[in-house]
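Labels for the chains are A, B, C, D and E, by order of writing; each one numbers its residues from 1.
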Amino acid sequence: MMGQGRLAAWGIGLAALIALPFVYRDPYHLHILVLILIWSFAYTSWSMMGRFGLVSLGHGGFMGIGAYVTALLWNHLGLSPWIGIPVSMIAAGALALIVGYPCFRFRITGHYFVLVTLALSGIVLQVITATRDYTGGSLGYTPNRASGNKLLALQFDDKTTWYLIALAIWLFGIVVWHWVDRSMARHALEAISEDEDAAAAAGVDVTAEKLKITLLSALMTALAGAIYCQYQMFITPDTVSGIAVSLQMVFAAIVGGLFVSLGPTVGAIITILLAESLRIGFGTKAVGWDNLVYGVLLVLFIIFLPKGILGSVLDRLKPQRKVSPNS
Amino acid sequence: MQAFLDVFDIYLLEAVINGILLGGVLALLALGLNLIFGVIDVTWICYAELVMIGMYAMYFMVQYYGVSYFIAAPFTVLLVALLGAALHYLVIAPLLMAPPINQLLATGGVLFVLQSFATVAFGIDFRNLGIRLPVLAFGDMNFSYARLLSFVAALVGMVAVYLFMTRTFTGTAIRAISQDRQIMALMGVDAKRIYLITSALGGALAGLAACLLVLQYDVHPFVGLSFGPITFLICVLGGLGNFIGGFIASFLFAEIISLGGLFSDLEWGYVLAFAFFIVMMFIRPAGLLARRR
Amino acid sequence: MLEVSGLVKRFGGFTAVNNVSFRVDQGEILGLIGPNGSGKSTIFNMLSGTLVPSSGSILFAGHEIAGLAPHRIINRGIGRTFQIPRPFRRLTIFENVALAGFYGQGRHSRVKAEEAAERSLAMVGLPTDRHASVDGLGAAGLKKLELAKALATAPKLLLADESLGGLDEAEMDQAADMLRNIRDELGITIIWVEHIMGVLMRVVDRVMVLDHGEKISEGLPSAVAGDPRVIEVYLGTDAETTQAAAAEARRRAGG
Amino acid sequence: MLELRGVNAGYGTFQALFDVNLDVKAGEAVGVIGPNGAGKTTLMRIISGLIRPSRGSIKMEGIDVVATPSHKIVSLGIAHVPENRRLFPRLSVDDNLKMGAFMKEARARYAERLDVVFELFPRLKERRHQMAGTMSGGEQQMCAIGRAMMSNPKLLLLDEPSAGLAPVVVQQVFELVKRIRASGLTVLIVEQNVQQVLKVVDRAYLIEAGTIRASGTSAEMLASDTVKEAYLGV
Amino acid sequence: QDQAKEKKIKIGVVFDLTGPLAGGGSELNYVGAKIILDHFAKTGVEGYKIEAVYADAQSKPDIAINESVRLLEQEKVDMVLGFFSSAQCVPVAARVEQLKKFMWITTCISSAVFNEKGYKYVFRPQASGDQFGMMTMDFIAQNAKEKFGKEPKDLRVAIIHEDGAYGVDVSKGNEAGAKKAGFNVVLKEGYSATAPDLSALVTKLKRAKPDVIFHTGYNPDITLLLRQAREQGLKFGALMGHGAGYGVYEKLKEGMGADAAYIFNADPISIWLANQKTMDPKLPPVIKMVGEEFDKIKPGVAIRSAHVGIGASNTYLFMSDVLPRAIKKYGGVDPDALRKAALDTDIPEGGTMLGFGVKFYGEGTPMAGQNERSFPVVIQYIDDKSSVVWPKSQAQREAVLPLPKGTTYSNQ
């Protein structure tokens, strides 16, 4: 139940975001914005699970499946991404269920869950690499340029179009986040994250609830991967799958704030802008310094703002917020 | 029959033994991590990067300043031990109360820092110690001396750490601290000190691994990425904090990688190893040697 | 209403519950006592589905429930509390109970769940205020919360692993009265595990005693309190407890 | 031996103890009773240094406890058996006892102390290789007391040793307290089981809402109206 | 302000200065390109000021894309130049073409960049990857009988390669060449350049018993492979490298010591080895200048890397030939002027520091944008020197083939 004021703020913010590319046309900045939106969506998808203590390092795998399955279907079978994306999402979802079910059934939690999912993203990365005859191996893959209908191929040269697509996807992510947040499932998952036995004793089907959120999160992440692929028109195992990408998601989500809807978005904005401006700032004059500073800042963020940037800021603003998350 | 002989030839045996030797390398890496991650339950995602720094230390001392290998090694162990203690003091200590995920992330940040520090300080070149150890040959089979050395070091290290952990007061305190940190003071234990000792010890083991790895691999800022994840999986597969389990898990992993790579593309070896890990998690979630719950 | 036969639970080579059979009738309060580690909580865990029995059968309202998943058992009407309270600290008190109401009753209606939560909180005497945080509760409050959560699932049978140990006497009495009220007002059948004899004996209709996973005695409180075996393994020879228990039991039998 | 003067303590902004004065003489057994949340555990914690008082002084045989780092307080001869036992569940009984003898002075006498503890609790010797977490409640209580005894303390702090135990074990625990006491140790014990505890202690304090409401010998306390009305609810 | 802008060309230069590829040779290319650009910055070209904007692709394709886009759209450079890794070239070329901007590729060799793409604004004077692979096979084919004493069908060859666009491309050339020559291919396998252990691959090689190994890789996988090959006792008759890691002799020497001797490498000829007598007389002074500048930047290097020469020569070609023509003949430095000027290029053999001539395939051909006159050469490292051994026209000495008896890997 959002207050009138907040609803209005959202509306105005959204209108401004939609209007932006028509007013401000700097292509490079739009490019960065599109990347931020797509990654924000991916991070939000991760945080759907992550906020409930389900720390997955397997999301690189889901993202990789989303990107590669879509691109492979297009290149090898000529299947439009409009079909390819749902197929890739189903594939990622199926994988999530196959790994998730035994994990949850056998009570694999904490470190163990983190590492099982880490192995999962390792597997996806290695499979993509090993099937190099189809996927181009470790140095990347490019979807074929559409010769015919751009819309059918989901390929657009125009940044504004991409910006609007990315905005819509991102908004979709935020809406889903809020939908889960206000559902009873959120309470169940919070309970599960604290004490599985006690949650079960309250009647919660622990395995099913975890599977549901995992499935949702995996589907969304695969979508993010596919959209990223369509936008960049180039993917490598390292940029869309594997452990590094998974870690990147965890980073951004936590740096932004895991427990607030816009946290992952803030995380994406900060990490991408930081990386970008550090790289440009240091340029080729001080090679390597950008990542050094980036790393130090990350460490400092996590030590001094453990709830994430947005989370900590909101906490400062309204100290008693935690008591009434449901109002 | 012919097909059978084609597969079960001398080269298969060589691959098996090479697997064992690779296992020694992995076991050596897993040893220190198992102490940190398995016993005191602190996540050092950047563990392999500490090894990388150690390898650079070896490289510079031996290659650049002409220090003999055996004199450089103890210095490297000491240096990485200090690094481990510093890592604890600066990054982990403020986060001891935070959820483990925050430790993971902070040390993940350190991973970036160490990688780019190496890039900035040592450059992007691949460095190589250039020490060429002799090779052991049995007929058509040949084995690396350097790997044999790692194997022995891992074995000795494992036994030493095991004895230390079970026989000494400090070892017992290290095992206890993850179970109930608050009441350590009631035992007269300075928890901070135990953490520092353990971190230094973990660092020292990483340093030891570095001394032996540098004989086999080029050093470059990203060398840690090749080993980090596998090392974590090994610790869990063997059972967190179980040194013997970790030792055995290293060999299982190495054999799968080695044999899988022999029969197909190299990556399939890793795919198999990871899949094996996931399946084992379901069958023996508490580690290889644990009894089923 | 509940019929347990030949229940066994092994952990590795160790048998925690060994061939236990008993029945509980509608509207009864059954006391379950026994030394530490005798298998009381383990039986509760099997009844509530947290543990799967190694063998044996559990018939609840005529249906076999042994080995069902916890949430299914709860939906069929067996609620439980935990010996050591296990609240969800990230949820408010109200959300804790509403959650149990929603899922415990089969995820039908959120409105109904919230009503159930209000009723249960009122019943155990906790504030029905929606924003109160769990952190404000003391030991007794947490025990009440456990009870409220179990009640919100609308159980027909309540498993109360109460262990009043650590509560002061005033609070113990309160807790005992509460259990009594739950049975009397809501008609909920109860199995109650407790070590404090004085309080337990006052409330229960029947007592069952476990030792080393086996049933060693069962019957009316007065009879059990006099059973030499029970005195030996559980009540102890210290005159006071035994006598207090026996006296309490006698008084009730008489009154 | 132990002397608390004007001690205030709390958790964050919440104050749990107000101006507490308390004395324990050598060789004495002293009880602390009071309703839930009165601050009994807090009192034990500040004596053993798990938390620090915001104001006031604590002296153990004349030495300032407040100024001593918390891990050094054991060396002053104070051993604390915390509420809920707090054993190391995945360490063996042996290792738990070993932890009790961690500090330097005790290490030297480890074998000797182990004999003392095993003599006091033969059950622990039988179970020395069992993981502490898998033992029964009573056994765990023995282990917790044994662990505290390993440091060769002068003053033993016991926080609700009988909680959650079967009646027969409760009796054993109080027997134990008597025996420990008889062996010359000073004991400060917190208990809900008022009737029982007053039988084994010389003196007792009644604490309520963070302040000492009454004190006196066991007999006085049993007879005291304050105790009855404020606490026993009679 | 417009005035000032008109008289300037801004060139975005993208190489890897960090990450694995930097050490693999990308940074050396950067050095070569920078020497030339700095040189022209002093004089200007046809009244145009030269301004170079450098970017670090960090050995990551997505960063290469991002940086190229940034340079073009944000820094408003007129064109981009450089690119070491084929994995970066392929997507960046697609991007730049889409933006209708001009791209001059100095280094990467994958034929996948152009193959059937029909690009208009992307040009590459460098030889393509399959040419490398064909060249080494051709070299062995011509020498098999004489040096190995074997009929081609009896010669056992193994083709191994890192699995990126570069390695795959070269291996395709290898494969085609082997087929043409009629060799017995006993093993063909790719592997990831970041694999931590290659002993299984070495075992497979031992089992396959090849006479010649054709290898394409970066560092450190080359060092790792050869070290494990030594430790496991792999023997063969010759090792043919194909650029990248094999082009950096310093690293080979550091990793393998004396075992680095007699390794072959296919690469554009090192400008310091090229036959200066047949070369356009304008060029030797430039080579000298590059060499001197390089020695200032990296003093004390035994063999000046071929990579520096590649970066320098291909950049020089653009600055001295294409750019002036674009300005003079087509009136500016906009993409279309540059494109027309590039298409007009017609330099005979000996007209570049790398020895080859330049003429780009035109629109409508499958490899449009690729230089049709470029070719690599085969060199061999002997006595810490590299000498051209193939093709015959450029050869400076007779190849040592097979490996002499007594060397570590020799199967004699």
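The working rule: a contact is a pair of C-beta atoms (placed from the backbone, for glycine too) under 8 Å apart; a residue touches a chain by one contact, two chains touch by 3 or more.
What you see is a predicted model; the values in this text were computed from it and never measured.
Enquirer: Could you give the fewest steps needed to travel from subunit B to subunit D through chains in contact?
Expert: Shortest path length, in steps: 1.
Enquirer: With respect to inter-chain C-beta contacts, which pair, A-C or B-E, contains the greater number?
Expert: Between B-E and A-C, contacts are more numerous in B-E.
Enquirer: Between subunit A and subunit D, what distance separates the C-alpha centroids? Give it in angstrom.
Expert: Distance between chain centres: 52 Å.
Enquirer: Can you check how far apart subunit C and subunit E are, centre to centre, with Cα atoms defining each centre and the answer in Å?
Expert: Here subunit C and subunit E have centroids separated by 78 Å.
Enquirer: Compute the distance, rounded to whole Å, between the mean C-alpha positions of subunit A and subunit E.
Expert: 38
Enquirer: Once you find the CA centre of subunit B and the CA centre of subunit C, what distance in Å lies between them?
Expert: Using C-alpha averages as centres, the distance is 49 Å.
Enquirer: Two-or-more-chain contact residues of subunit A, please, as numbers and ranges.
Expert: Within subunit A, residues 129, 132, 287-288, 291 contact more than one other chain.
Enquirer: By residue number and range, which residues of subunit E touch two or more other chains?
Expert: Residues 17-18, 190, 192, 194 of subunit E each touch two or more of the other chains.
Enquirer: Residues of subunit B touching 2+ other chains?
Expert: Within subunit B, residues 116, 119, 124, 225, 265-267 contact more than one other chain.
Enquirer: Using the touch rule from the top, collect the residues of subunit D that touch subunit B in their complex.
Expert: These residues of subunit D touch subunit B: 48-50, 69-75, 79-80, 82, 86, 88-91, 95, 98-103, 106-107, 147-148, 151.
Enquirer: For subunit B, which residues count as touching subunit E in their complex?
Expert: 9, 11, 14-15, 18, 22, 116, 119, 123-128, 130, 132, 135, 137, 140-147, 216-218, 220-222, 225-227, 230, 257-262, 265-267, 269
Enquirer: Within their complex, state which residues of subunit D touch subunit C.
Expert: Going through subunit D, the ones touching subunit C are 34-37, 135-139, 160, 162-172, 192, 194-195, 231-233.
Enquirer: Which residues, counting only subunit B, touch subunit A once they are in their complex?
Expert: My answer: residues 37, 43, 45, 91, 94-95, 98-102, 104-106, 108-117, 119-120, 124, 225, 229, 232-233, 236, 240, 264-268, 270-271, 274-275, 277-278, 281-282, 285.
Enquirer: Which part of subunit A faces subunit B closely enough to touch in the complex?
Expert: Touch list, subunit A to subunit B: 50, 53, 55, 99, 102-103, 106-108, 110-112, 114-116, 118-120, 122-123, 126-127, 129-130, 132, 243-244, 247, 250-251, 254-255, 286-292, 294-299, 302-303, 306.
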